[in-house]
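Next, two complexes with subunit A in common: one pairs it with subunit B, the other with subunit C.
Let's look at the complex of A and B:
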């Protein structure tokens, strides 16, 4: 049970308290887009790292809508969202990437992509040996999909399959936007 | 995003997410997540603050190695007010921001 569920408003400034800034987010989304989000009743079994991080390959997945400047962007205007995803080479730099998304403020991410998609920080951790490696491709999509069942069948299943079978990732970092 | 995390974890690959919406993450029941009390679009801090971006990434990666129970949701104990203060200091030091 969260503050949003009980309808209680925080009495102190969340910026000072270190709590969620928009604590009624879940409630607001459900009111505006009924059925757009789903809740799950049980956890999936937890997987374990087979080796240490320094011997593991990491994949990053983000809903921030980032892609190579040379790629065609996904559809940001479709009323039900775009149920496709794009691959971003893990060797890409800030200059190679651009964000196409309307549903969150990305002014700061336009200045430095690592604010929402820390690709250069991961490259550094790799060079230092903290991480064993990065998969050749990372994944990006637009985090605005009004049919969660379809999303689970298409985008989620396809990305998960690509992560495991094509990229052979050992662990995954997810950066929702 | 929680649906993707669950789908990957089901296929045997450990996952961790960084979230700014604690209530949403709690209800979708992800395997493990790091909560940062910052605004949307700023999951890893502020522009050009490499040390802070790195700190968030490392805190998330630490969860991959150490988590015991499904649904572990850890708070990063850093207030947005402090982050803004550090960003301001960076600006004053001449970094474009």
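Let's look at the complex of A and C:
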């Protein structure tokens, strides 16, 4: 149990104190967030890869909220979440990117974006020939979301459409945050 | 909690569930912390006003002419702004 779980308030920034991971939160998520667990009865079957990875173009889709520093950030304050997504050029480097999020610790990812959004590792795999290529753009959105049905209709559908029709991806790496 | 859960609570007039959601959201999953966060943002607003600096009431009047949804979201933004100003930041992400 952490100070936050007991109701006692930390006197210093929990990020600097190293107490930001509140294990009690996850153990009691159903009790604390009644109605939070989403059940889904319909599934889209996974598609088999038509070609080997070395002949395939990969797209990365992440809920980590990473975006170009030059982009207007997504809305982290909205209590229901932000039903938009951002494109991240697959050629971007660590120094081009920033994480805008309230709901998970990203101190380590601030030092190396590849911890959560392995964009430079994928670029290296392309150079080595392990991957056939990367789509021009990757996709990023904020994982905190209170309306999964709306999310499916908007963000998920729009990304899926862009992945197929504009990015022409053969396979996708889904990177949760 | 989901939006559907909150809509049901509002339809039944079960405001306790909505209050709990707000506190859980602002407290990053801890209701007691969330309640304190709400109090803190109001305290911070009072502390700022105690400086008795000039204010732009014309700007405020213009803002209040915006639609209700924009204003409601603005309240959440102002909350996080004031919490940042308070110097205490409990959230795991961006400061």
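As a convention for this text, the second predicted complex is superposed on the first by the 138 of 177 C-alpha atoms of A that agree within 3 Å, B and C clash if a C-alpha of one lies under 4 Å from a C-alpha of the other, contacts with A are read in each partner's own complex, and residues count from 1 in each chain.
Just so we're on the same page, contacts are C-beta pairs under 8 Å (C-beta built on N, C-alpha and C of every residue); 3 or more make two chains touch, one makes a residue touch a chain.
Here the structure is a predicted model, which means the values were calculated and not measured.
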Partner chain in contact with A:68 - subunit B first, subunit C second, else both or neither: neither
First (subunit B), second (subunit C), both or neither touched by A:77: second
Partner chain(s) touched by A:45 [first = subunit B, second = subunit C, both, neither]: first
Touching partner for A:126 - first (subunit B), second (subunit C), both, neither: neither
Partner chain in contact with A:150 - subunit B first, subunit C second, else both or neither: second
Winner by number of subunit A residues touched, once subunit B and subunit C are compared: B
Contacts of A:100 with subunit B and subunit C, given as first, second, both or neither: second
On subunit A, positions contacted by subunit B and by subunit C: 4-5, 14-15, 20, 22, 25, 29, 38, 104-106, 148
Residue ranges of subunit B in contact with subunit A within the complex: 1-24, 26-29, 31-32, 35, 37-48, 50, 53-54, 56-58, 60-61, 64-65, 67, 69-71, 75, 77-81, 96-97
Residue ranges of subunit C in contact with subunit A within the complex: 1-6, 17, 21-22, 24-25, 27-33, 36, 73, 76-77, 79-80, 88-95
Of all residues in subunit A, those that touch subunit B in their complex: 2-5, 14-23, 25-27, 29, 37-49, 52-53, 58, 61, 63-64, 104-109, 111-112, 114-116, 118, 121-122, 124-125, 130-131, 143, 148, 151-152, 155-157, 159-161, 163-164, 169-177
Residue ranges of subunit A in contact with subunit C within the complex: 4-5, 7, 9-10, 13-15, 20, 22, 25, 29, 32-36, 38, 65, 75-80, 99-106, 146-150
